[in-house]
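Which chain is which? They are A, B, C, D and E, in the order written, and residues in each are numbered from 1.
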Amino acid sequence: AAHEGERGRDGALGIIYWQAPSIMNAYLSGGTKDIEAASLVTEPLGRYDETGAPVAWLVDEIPTVANGGVAEDLTSITWKLSEGLLWSDGTPVTSADVKFTADYCMDPEGGCAQLAKFEGVESVEVIDDLTVKVNFAAPTPNPYGPFMGNQSPIIQAAQFAECTGTRAPECTDANFMPIGTGPFVVTDFRTNDVIQLEANSNYRDPMKPAFQTVTFKGGGDAEAAGRAVLQTGEFDYAWNLQLAPDVIAAMADGGVGTPVSAFGTLVERIEMNMTDPSSDLPEGERATAAHPHPFLSDEKVRRALSMAIDRDLLVEVGYGDAGRATCNLVPAPAMYASDNTDCLVQDIDGAKALLDEAGWTDTDGNGIRDKDGVEMNILFQSSTNAVRQDFQALIKDWWEQIGTSVELRNIDGSVFFGGDPGSPDTFQKFYADVEMYANNFDGTDPASYLASYTCEKAPRPDSGWQGENINRYCDPAYDALVAELNGTADLDERSRIAKKLNDMVTKESMTIVPLVDRGRVSAHANTLGGVLLNTWDSELWNAADWYRIKE
Amino acid sequence: MLTYTFRRLLISIPTLLFIAFVIFMLLELAPGDPMANMPLTIPPEVKEKMRLALGLGEPWWIRFPLWLKQFFIVEPQYWFDSAFGTNFADGAQRIISFQSRSPVFDTIAQRMPQTLWVVGMSYVVGVLIALPIGIISAYRQYSVFDQVGTFVSMIGFSVPPFFSGVLLIVIFSVTLGWLPSIYDTTHVVNDWASFKVQLMQMVMPVMVLALQTTAQVSRYMRASMLDNLGQDYVRTARAKGMKESVVVMRHVLRNSMIPVITVIALGIPAIFGGAIITEQIFKVNGLGQLLIIALQGNDIPMVMTLTFLFAILIVMFNLIADVLYGVFDPRIRYD
Amino acid sequence: MLDQTNTALVRVRDLQMHFPIYSGLLRRQTGAVKAVDSVSFDVMQGETLGLVGESGCGKSTCGRAILRLYDITGGEVTIDGTDIGQMSQSDLRTKRPTMQMVFQDPQASLNPRMTVEAIIREPLDEHTKLSAAEKEAKVGELMDAVGLNRRFAKRYPHAFSGGQRQRIGIARALALNPKFIVCDEPIAALDVSIQAQVVNLLEDLQEKYGLTYLFISHDLSMVRHIATRIAVMYLGKIVELAPRAELYSDPLHPYTKALLSAVPEPDPAIAQTRERIVLQGDVPSPANPPKGCNFCTRCPAVMPVCKDIEPTYQEVTPGRFVACHLFETTGTAEKTAGYI
Amino acid sequence: MPDGALQPGSADPVLDVRGLKTVFKVRGGEVHAVNNVSFDLRAGELLGVVGESGSGKSVTMMSLLGLLPSPPADVRGGSVRFEGQDLLHITPEQLRAVRGGRIGFVFQDPMTSLNPVFTVGYQIMEPLRAHMGLNKNAARARAQELLELVGIPGAAQRLDDYPHQFSGGMRQRVMIAIALACDPKVLIADEPTTALDVTIQAQIIELMKELRDKLGMAVIWITHDLGVIAGIADRVLVMYGGQVVEHAPVQELFRNPQHPYTRALLTTIPKISGERARRLTVIQGQPPILGDAPTACPFRDRCDVAIARCATENPPRYDLGGGHDAACFVAKGAVDA
Amino acid sequence: MTNRAPHADADNLLVAGDPTAPVEAVKARNQWLDVWDQFRTHKGAVASLVFLIAIILFTLAGPLVWRLDPAALDIRNKDLRPIINALWGAEKVAWAHPFGTDNLGRDLMAQIMQGGRISLAVGAAAMILAILIGTFVGVIAGYFNRLDGLLMRLTDLFLALPLLPLLLVMMLLFRDPLRSAFGPEQGIFILIVAGIGITSWMHTARIVRGDVLALKEREYVLAARSIGTPSRRIITRHLLPNVLSPIMVSATLGLATAIITESALSFLGLGFPPDFPTWGKILADSVPRMTAFPERVVLPGLAISLTVLAVNYIGDGLRDALDPRIRGL
């Protein structure tokens, strides 16, 4: 192919992320921008490719039960590093580095952001220079947490030896300019601004990367990033263009770049509050299981609200080609995606009928349905974001058509998604009736994602309002099924249980009302070749293969 | 004069400490959490651990004095050490940003060049344009020039930069393709060609910011010139047979500049405060962008340090403005 | 002017008004401008006491201190039997109607944004409970009394000539039927042809209402016209106090002599032959007065003793007071004798 | 009268003003501030100008040198002959050379007429360097001389002081020093002592007399204080309502005033010596409104000897002989030409 | 008035007639009529006043005539262009939406109307709040020497406070109480107005203080004191009217800043609920589509600029009109 040749032949590459990376250490920041920036330098043992399939990266093959890499009882996994791997400083990569990485993250003082990846890990053993074995405390059907995917890259023991525990944040040099195995090395790191990298001279493939230098600019907004790639051609690659489809389309007319999109597991959804968020309730009881929601606890109401939504229109307005209507919490991978399409057709009349049937009628003639003195006044909150505000407006319109009144509120993302227990505006506290945001899961296994909806994961005052089950959904049958899933290794069985769990929270109970399966839109210059947009791993996962298309 | 300055400096110490305390409590009360930017996929327990690792477990009455100590003792020690190769700091904990886990002063120092280049330059340009406009508008009061000046400066004052900035980008970067829309903070000026590149990338943000400065300063200049043009000493100067240019540019201007200089001095802290929106639009990534990112990320040490530095500048420039008044106006003597 | 009863309406004893000077790091008081330094005199019921002196010698400060527009540094001020020297400003409010002031600059002493009517009505608003109509009537009367056309009640001060403005100021001072009015150079800012109008007006009013004036001026010829007795001030102190006729015919203090000789004589025949005493040098700063007699730096008749010892202010002949070593009789002169 | 004042052979005036007219354009019309003013000034002579406030004294003098802001001022007509030129019709360049160089001007208010931010020395040196082309050191030396001349002690040090460090009297002396800087032929002093008190005024008057004698220049002294005029002037010009109403040698004017305004003016002032008037005489009525060009005697409303003709005709200046003239129909000896 | 001798000004011109002339029964004119007469002579101010009234009418009375709900969605008619575009192209236009519609089919005209109402209200209220605080602090600091230092340091403190965290804290503390007391929209309105108001009074305070320091030494203030006027009334009667003109200048600039700050808050995602348009918000939301739909930025942008300009001219005119010296009479 045209893109072969010596390392560095294609000169400079410009990447723009409208969120600026602040650190190059994936373990000290969970932020996508930071992890993806770091993925140019540090790499995990195995990755997922653009289809979600695992690929060996620093090893020769992905360990499985079949090839003996994973113990039959699912309590350990053994990784064998490829031979001859070198760090960018020229020293060899050994299994000690891998073990160190695990210890680094698992240090209780270190505040590691990827600790969840190491959940259940009992110990990591060095077998020999190239072999490392991870032991789990219990049988782990999905042993690919540690060292797999962009969240869990291998860091060099020598560089970080002095940086463990409470000292982790003090190693600014290491955190900004880590020594890695990836195609590039950092030459200049300016936090929240720009990173300059150059080709790693010790990279394992002598022909790669094609680019000699990379300028990784951060900051601004998605619009500006899109403009820089699609219209002015100042940059080659722009990440995550969260813009309305017409805006992207207009920019793409610029003719210098192309938007690309791919789907993953990110679902924009409406969460129904099962508890009463009324501010009349005393603090401590407000939005807790002690008080069921006055009308949303009625399944028919939730269903009616879902029926009133025209998901296709939402997609058209908000995401275009980068979205598709969905009724699933877990839309992918295919083996876990439930066949669930009932919600896709908007049915305003059906919704009205359903409410009438449930006894929610407008008895006092104010245009708002009520029952037993409870008016259907919905407080609908979301984070501040242009597309979400458009969605809010549209949904408000539909919901008002079926006889509810809707108040919209948007909250700055830094407050909404911040877990500050003191703030009334966090999404966990859920001092509103419904809220809208998007969530996804890492990798390809939805088990822990689905496990978030168990009773004990509901945010409560005594848990400091932490917990992922923000709807306060609580069904013992669901909890039991989650436990079953965790004990099941058989893939078909896992798929069946997962689909069942998905259906329980969505189409059966309407606790979660999925709206859009959101793809990722990024853009690259027409002269940039080799881009394979990957939503299962870092977008920059194959940056080593990128090259300049010569006219 | 000296004792006056000294006295004011002494008074500013408690003032600043109080300001620091108020800012700290404000940030403490503010909702939001440094974990907000973490993906939702990170489980709450992990987030809690991260939070503790950031030192957020301690109550404010421990963290505030700690910050004070770091700001006033540790950071100067580090600075001294790096300047003279000593070792006073002895590995003491510096003020560390939550987001980047690096010392905030390093980041601030890194941001200074582009802030000074762009925001500072825009101020200089704005003032340089404003002064002649103000002078001419006053000298030719109610002329067409004056009327147009008023009109343009009011428009300039009332167009928000998030609009004018994008408009410029659409015109000059997208349509005409003359100027870059994204500022390159790594650009090094070492020859004429690179200087030209630097100029090109500065033009638009400087224009957007200068418009606002010009609008304000030219109004002050005009008012001040008008005040002074009617004074008796102007007639004296004319009666002495001085040229009109000498009369206006020396006698009147010198007097008119006294209040304007203090207005200009009072505007300088804003340079160091950065221009949040304009920096964001042109990706200048100076102090303004640093502040807004830190705010959005609830990076309390960064926000605290930046706002406090800003407060210091405000207090200092207030003082400088007062002292300047005394320096330029011989009638005012402070003791 | 009128038949003088011999009762003092205003008694001033050892009045001191020092403006502190602060300096240094801690803003400690490091000195004081001794604008008025131990001044004593009486103003009789119905008389006009003239107060003359150079610019900056403390005349205005003295007048204002008597009315307690300043918090005085020391001394006693008794007006109409009440000692107001140390009264609080809120208690003073009730005394204000008895004592009023006419200011030097008619332009500056009228609020440019108030109509004439509002200006004259202000004291009525503050001290009376009259209805709006009564106030309007009263304002009209006052305007008549000072010779202002009632038609102009709704105009603003800038629309009046200097003389008219001064009348507004006088009407305001008269509004509360005061007994005592301090006229602080009421004619200094006026044109010659208007000065006479104002002085005549003041005299008429005095006759009509039995007012008592402290008339501050540096125009000696005008003071000669209006005042019954005259006090001459120099650098915060009264150097000479005497009845009009004696003072002009036979000034005692060297400063008074110089002052009188400096007044321009509007008769070329006399003017160009008259002997002028032209003083040399400038007035010392009141913040830093010379040792001994304040006038010793410029005095044509200075003696060595003047540079050391401050002369006492004493009665040299009945009704004539002077502070000068030339007239020092005995060191035992009664300082507390009546200052009549 | 000082002997040196009227030098023989000085019949040729240094400054000759004929028919000067100045109007101000204001909202809704014009203000005729100076109407047909004529006078001359001989070398070494001191011409006093008196008149009540607003009678156009300052405007007249400022018109001569084009010092009025235009707009609103407009010098309509007349001629100002000085050293063979008509000051009203020369280029700004030439006019600048006259201002401050050949004609010095001392303004009314010493407190505001000096620029507060320049040292006194600088302000004195400015005209020296502009007109006489002196270099810095020479100008400084000259400035010091000037300060000494006007009687400021410690001149060398005080050159570097700012105006606010001077007392009012000293500031006025500085103004005089500036006006004298280039050895002008004519000095115009616009109420130079009005803002000062008597003892200082006396100093200034003495100084001016001395300087005039020493330097032999002609002086125009504006004031409304007849007392001052009596002390120093050779001839007097009385202005009223924008016009010259009387003009006479000083003794003659005081002894034999012909215009009713002059007479009234003389009686209003209380005297420092002699008989004390029981009541001051006042000039009844208001000063005239300087609206359109006058068609009547401006003083008629306040005049006690007004005749019918005064209301229809503006009296010309009748020559009464002996250098005395008055603009009044009823003046003794007034004969229509 | 300049420092010329007090009697040498043009006053004589204005003293018409003789004060001793017989009293004519001149009915004293209402002084506000005089103010209006003077105001009318300032052409720019009158034009601006007309414009401002027009725009206020447009935003207040407009919705009575133009009854479309600004939040009503009409997704089939989204992205309509202003009717004027029909002149030069067969674009999507409709008489039902003369200014066009946005990407959700909301009517732009209705949005501009409602947005204007809110922007103007926020601008005016925040400006008034800032002016009130600024004037109060300035007058007190200038008049009472003892409080001067303290208040000026307080001013420094407020200058140093960052607006965004402050607003966030205010939202945290007061949003719910205000929401329950005034409803969601008014609650946020009060918060935003208070936020902008209390962070923008400092310049006014400085200026007013400076002027008061000079004014309180004026003789007419002393005169008032000699009459026995208490400080309170000296301030209201003598000082405030005379610092009116700098306050007026601050007020016009303050209005501009308040409208713009509100739009910046919208841009940064703080501020009003998403279905609650303001000019600033319409502008901020439309910037990404600026090239395709210029009217969406031009209309609100122009509305903001022209309003600010108009207020500025009106301020000029009013300042002249309120000054009796300029007014004549």
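Everything that follows uses one rule, which is that a residue touches a chain if its C-beta (ideal position, glycine included) is under 8 Å from a C-beta of that chain, and two chains touch if they have at least 3 such contacts.
Each chain and its UniProt protein: B, E = Peptide/nickel transport system permease protein; C, D = Oligopeptide transport system ATP-binding protein.
Note that the structure is a prediction, hence the values are computed from the model and not measured.
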| item | value |
| --- | --- |
| Higher-contact pair (C-beta pairs counted), A-B versus A-E | A-B |
| Chain of greatest Cα-centre distance to subunit A | D |
| Chain centre separation (subunit C, subunit E; CA means) in Å | 49 |
| Averaged-CA centre spacing for the pair subunit D and subunit A, given as whole angstrom | 91 |
| Subunit C and subunit D: spacing of chain centres that average the CA atoms, whole Å | 32 |
| Separation of mean Cα positions, subunit C and subunit B [Å, integer] | 55 |
| In subunit C, residues with contacts to at least two other chains | 161-162, 191 |
| Touching two or more other chains - residue numbers and ranges from subunit B | 29, 31-32, 174, 231-232, 295 |
| Junction residues of subunit E, two or more chains touched | 2-5, 7, 12, 15, 17-19, 168, 171-172, 268, 287, 291, 328 |
| Interface residues, subunit C side, partner subunit D - complex | 54-55, 161-162, 191-193, 195-197, 199-200, 203, 218-222, 224-225, 248, 258-272, 276, 278-279, 281-283 |
| Subunit E - residues contacting subunit B, complex | 2-4, 149, 153, 156-157, 159-162, 164-166, 168-169, 171-173, 253, 256, 259-260, 263-264, 267-268, 280, 283-284, 287, 290-291, 297, 301, 304-305, 307-309, 312 |
| Residues of subunit E that touch subunit C when the two form their complex | 1, 5-7, 11-12, 14-15, 17-21, 23-24, 26, 28-29, 31, 218-220, 222-230, 233, 237-238, 241-242, 244, 322-325, 327-329 |
| Of subunit A, residues touching subunit E in the complex | 223, 243-244, 246-247, 250, 279, 313, 317, 384-386, 389-390, 392-394, 396-397, 407-410, 412-413, 415, 422-425 |
| Sites on subunit A touched by subunit B in the complex | 16, 19-20, 22-23, 25, 28-32, 108-116, 166, 168-170, 172, 175-176, 188, 190-194, 196, 215, 217-221, 224, 227-228, 231-232, 234-235, 254, 412-420, 422-426, 428, 437, 439-442, 448-449, 463-464, 466-468 |
